[in-house]
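Each of the next two complexes has subunit A plus one other chain: subunit B in the first, subunit C in the second.
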Partner chain A sequence: MDTLFTLATLAAAIRLAVPVAMAALGEVIAERSGVLNLGLEGTMLFGALAGYLGTTATGTPWLGLGSGLLAGTACGVVLALLMVVARADQIVTGLAFTLFAISATTYLFELSYTIGEPPPRIPSIDMLELVVIVIVVLAAVWFLLARTSVGLVLSAAGDAPGAVDALGYRVTNVRGAATVAGNALAGLAGAMLVCGPLGLFVQNVTAGRGWVALALVVFARWRPGRAVAGALLFGLCDALQLRLQGTATAIPYEIFLALPYLVTLVALMVRAKRSATPAALAVPFVRGRS
Partner chain B sequence: MAVTDREAGVRGPDRLVGRLLGGRDGRSRAARVAVPVLAVLGALVVGGVLMALEGVAPLSAYGEVVSGVLGRTRGLADTAVVATPLILLALGITVAYRARVFTIGAEGQYVTGALAGTALATVGPLSGLPGPLLVIVALLAAVLAGAALAALTGWLQDRFGASVVITSLLLNYVAAAALAWAVRVGIRDPGSFTPQSRAVGAAGLPTLPGTGLHLGFLFALIAVPVLAVVLRRTRFGLRVEVLGANPDVLAVNEARPAAVRLAVLIVAGSLAGFAGFVEVAGVTDRLTPAFATGYGFTAIIVALLGRLRPLGVLVAALLLAGLSVGFDEAERAFIIPSSTVGVIQALIVVFFVAGEALSRRKGR
Partner chain C sequence: MLATTRGLRTLVTAIVGISVLVLAGCGDAGRRDAAPSGPGASTAPKLAIVYSPQFKDGSWGEAAITGAQKLKDSGVISDFAAQENINPGPDAERALRSFAEQGYNPIVAHSFNYGDNIKKVAKEFPNTIFAYPGGFGDVSENVADYSQPFHEATYLEGILAAGVTPGGTVAGAGGFDIPVCRAMYNAYLEGAKLVRPATTGTFVAVGDWSDVQKAKEAALAQADQGATMFVGCGQGPTFGQIQAAAERKAVASGYSGDMSGLSPAVLASFTWNLDKIFGEMVGDVAAGKVNPTRYFEVGMAKGGLSVVISPEWQAKVPAEVKATFDKKTAEITSGAFVVPLNDK
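Moving on, here comes the complex of A and B:
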């Protein structure tokens, strides 16, 4: 097995971990404020498409990243209006949004190129720069949550929204802002996926990475650093899978297709304590009811 | 994650899931019907605008959709055939979501059921059984396989506190990998150049005389009233409602919430597995890598749109199936991207969710 852990495999692991890490960081923000955003996968898809279209339109992948961030923000506004302002069921809304995103991105992508010609590839951003972005965002999210009063209010909105309300903060505004911010990062994550080494968009390009990010947030007990570490673990499995697919082994390669998801499942089993869960996660806040 | 427990515990019994997602919630019957109807109309209008932007006259396209379903002898039968797996899958989702057990694993359980049934019917010692017996045994295997996969997610939540939402979704990818392996190696038809299973042959479902429908549609039709009675008139049905409303109440009344959750998941998984082999035996005849077409996800839309009621599920499934079949026809006459119907279906559920939240907010 020692030949598996080559430098190339490790580089691939980091490459595959980057979008998942970014999405997980976004979800940490949303969930800490009490919003369970199952629309994460959908927002990533919209971000990925925006990143692709933004890059094909401008020729600059950095503007593609910006488009992804904007698309994510827009998704965040829609989801915040539904989940936080209108207090629709968060689980049902998130699911519905992701289902919508799968169809809508496919549709918009089909419109974006002429049938018969292959969709154009886009120039890619260097891996190192994307890693730097992840590290910067990780530091910012950690600082926000652990070292600022904004972060305290945000976490309190997820643990004791009644207390936050009594202190004179608007729970709806706090949660709405966290939802928008979290989805903005998820949109950026999608754009990083296509504007990175991949360099193209395909139908359902995220392939469940948003769901993996959701699982990682639980695994990480809502801590940003651990979420990124979890993403690296996922990236490593994914990289091994790609590496082993290319080599002739007696093991069927489909096992490695399933491996990243199986490892995520096992990671969920390792986490035994429940105490870190934000107490009011997925519970809509109605003043005077809690 | 244990979201469901805590959430329901806070909400209290005055917000039964039946009221949450379509029961007596203080709104008039007209209001309860209006939201889904308006959601469908709104989605059709947006779909029309999209088609108009592409230079297709929406009314003539929709005319083609309608005549594609009602204007052909095959149209209605095709609709019923497409609706069959949707009905079975959505009924399972209905039971689960009523209990606020939000599984997204129907797709994986559907694939696993199809895989188990096909494996049993095409290879191995039992594949020589006479036709009707083989169908029954294969369906049984499909039910068990789907139920086992669903039960696994229930166990993971009970034992490790891992949310069913996430584990069921992750297992979909595992099931997809299993399907890919099975048709490439495991139960591959050795005489075929491309990866696919043998035809199920004698285990195929008979066609209902004079209709062009396979027997599976009848199963789905029977399942609707059966499930309605189970939910409304049995102890299990009551427990499903109470689990959805407040698991603590359930615990006081001598039933362990985890056990009821497991039972709910097993019912959902059984129906999904059943649907999987019904689709093989009634429609595709063999398994290919392209077998999983996302019915398990569309069925979530069907269940929500049907307001988590069996009869509503039937109506919603026929509606969405009709849209698919109709658009297939319309695409022959007009240049419409094949994903248009998916957008319209997804818009229906988005509008429905938003409308539900808004109308309940006003009613407060």
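Moving on, here comes the complex of A and C:
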């Protein structure tokens, strides 16, 4: 067991946590404004593909990150138009967007692929720099939500949109901006995965990280710091289980695979008592009707 | 207003329901496959492949397309059709039926997860071979199974790996702990032991076939525990291992495709020459041996697999190791030596 709790395990936990933490921060912004963005996984996929193609085109992974951010912003604009402006059902829209993203990224990736030629590996950004980005974004999101009037209006749009409207702010604009910003970070998260530890793109490369991030936001009760901490905890469970499999033998490996999810479930149950769900989460706002 | 809407809804539902029934009836009437062609049929058979992710993966999926293309180029089949991103379940059954109705024979469902689907559809088209990679001789009537004797290739890769690394253990990984993956890992370990008898190793189930980051972390964890030789089962686990091996100056293996172009860490890969396997199925169809069909076991001896040493490693493999590798390759190919299958 002494090999388990080492710096190497902690480093692995951080590496696994980075993309999830960034996506969770994006989702915190969107959900605090009252928009439940189930398109998170899809936006991450678009960001990942943009990060890969951006890096192969320019040779610079930092421009890949930029491409991911831009792709995320574009996804955010589409989702904001659908969910905030057109007021389509947020759950259905988000799910449909993710399904669309899986197919679209598969197709777009295939266009750049020739049979018999392995796709090029892209240069990677150092993990330390990605961790710095997460810390900077975390500080910025925390400051925005907790210490500025913009953050106050944003949270109010998620809790009492009628009051925000009465104060003279446009709820649609606030929620739209939050959706765009949240998706931009999700796109960046996807690009960080591909331009950071992987250096390649494969079909469905995000492998459910967007869904984990969504669960973490609930787990963190819509607080940015706790969302990042939750991502770290999740990463630590994964890092531990992968190491446990190599050492212990008597326990069925399926239990190790389930470990991170079991921890999440337990954490959710412990935390569920004191919910801080934005009161108007996933409820479209219509002027004069609330 | 409400009543009108409800009435309208009922009407629409009724129309849709009736059309579905009528269409289903039409489908049944048209559902028939050709009688066995028998020897001396005028045109070569047509092959169809159904796959759940995308074909262009540099591995398992691509091997099927490449194999089919080879058969078409050599005139063994008159044409082939391929459909990707088909989930197992109703979608797969629809695709399989559609190909059978169009006269494709044999029809290959190129994923273990299609097992139930092909067994269901095969009953409706008794004169068509439906094959899937069950890998355990799961044959009944016109349902065929084709094996994945990848352990033959990884045995040889293990010899090379132990020959070029100064020490260290073997790290195996698969999406899940399934027999084919275990057999690959065990054979690789046996091969390594031939060069370094005291070699040990570990096998990790990543829990996902496409999560490359988790696979890379699994490999890094094994490297922390002393692994220097990696053997992966499934594209995701293998891609992750290759990335990890490149960081840790270890050697990795390519899976179901020549992955030497991915990284200098790839010592050797094996290719899965599905033209040989599909070729045998097509031969059976042309000869009218469709029902009952058989278990297609096409290993190295029949050219179903080949091991490719990466170009930059060619000169770096020590002569005596290369000699052992060549000797064992020859023995396996001639059938003089059978790589033990240990999937526990």
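Criterion: the second predicted complex is superposed on the first by the 279 of 290 C-alpha atoms of A that agree within 3 Å, B and C clash if a C-alpha of one lies under 4 Å from a C-alpha of the other, contacts with A are read in each partner's own complex, and residues count from 1 in each chain.
Note that in this section a residue touches a chain if its C-beta (ideal position, glycine included) is under 8 Å from a C-beta of that chain, and two chains touch if they have at least 3 such contacts.
The structure presented is a predicted model; accordingly, all values stated were derived computationally and were not measured.
In the three-chain model built by superposing on subunit A, subunit B clashes with subunit C. In the superposition on chain A, A:L265 makes contact with subunit B only, not with subunit C. Contacts of A:L242 after superposition on the shared chain: subunit C is touched, whereas subunit B is not. In the superposition on chain A, A:L49 contacts neither subunit B nor subunit C.
In the superposition on chain A, contact is made by A:A8 with subunit C only, not with subunit B. Of the two partner chains placed by the overlay, neither subunit B nor subunit C lies in contact with A:A191. In the superposition on chain A, no contact is made by A:L69 with either subunit B or subunit C.
Contacts of A:L257 after superposition on the shared chain: both subunit B and subunit C are touched. Legend: residue contacts after superposition of the two complexes on their common chain; A:L95 is shown touching subunit B, with no touch to subunit C. By the touch criterion defined above, A:E110 reaches both subunit B and subunit C.
The larger set of touched subunit A residues comes from B, when the choice is between subunit B and subunit C.
The clashing stretch of subunit B relative to subunit C, chosen from 97-105, 259-267, 277-285 or 349-357, is 277-285 in the chain A superposition. On subunit A, the patch touched by subunit B and the patch touched by subunit C overlap at residues 103, 106, 110, 208, 257. By the touch criterion stated above, subunit A contacts subunit C in their complex at residues 3, 6, 8-9, 12, 15-16, 19, 103, 106, 109-110, 113, 115-119, 121, 193, 197-200, 202-205, 207-208, 238-239, 242-243, 245-247, 253, 257.
For subunit B in complex with subunit A, the touching residues are 1-3, 6-7, 10-11, 20-21, 50, 54, 97, 102, 104, 156, 159-163, 165-167, 169-174, 176-178, 180-181, 184-185, 297, 300-301, 304, 337-340, 342-343, 345-347, 349-350, 352-354, 356-358, 361. Put simply, subunit C touches subunit A in their complex at residues 53-58, 62, 65-66, 85, 177, 202, 204-208, 210-214, 216-218, 220-222, 224-225, 235-236, 239, 243, 259, 261-263. Of all residues in subunit A, those touching subunit B in their complex are 36, 38, 82, 86-89, 91-93, 95-97, 99-100, 102-104, 106-107, 110-111, 208, 211-212, 214-215, 218, 252, 254-255, 257-258, 261-262, 264-265, 268-269, 271-272, 274, 277, 279-283, 290.
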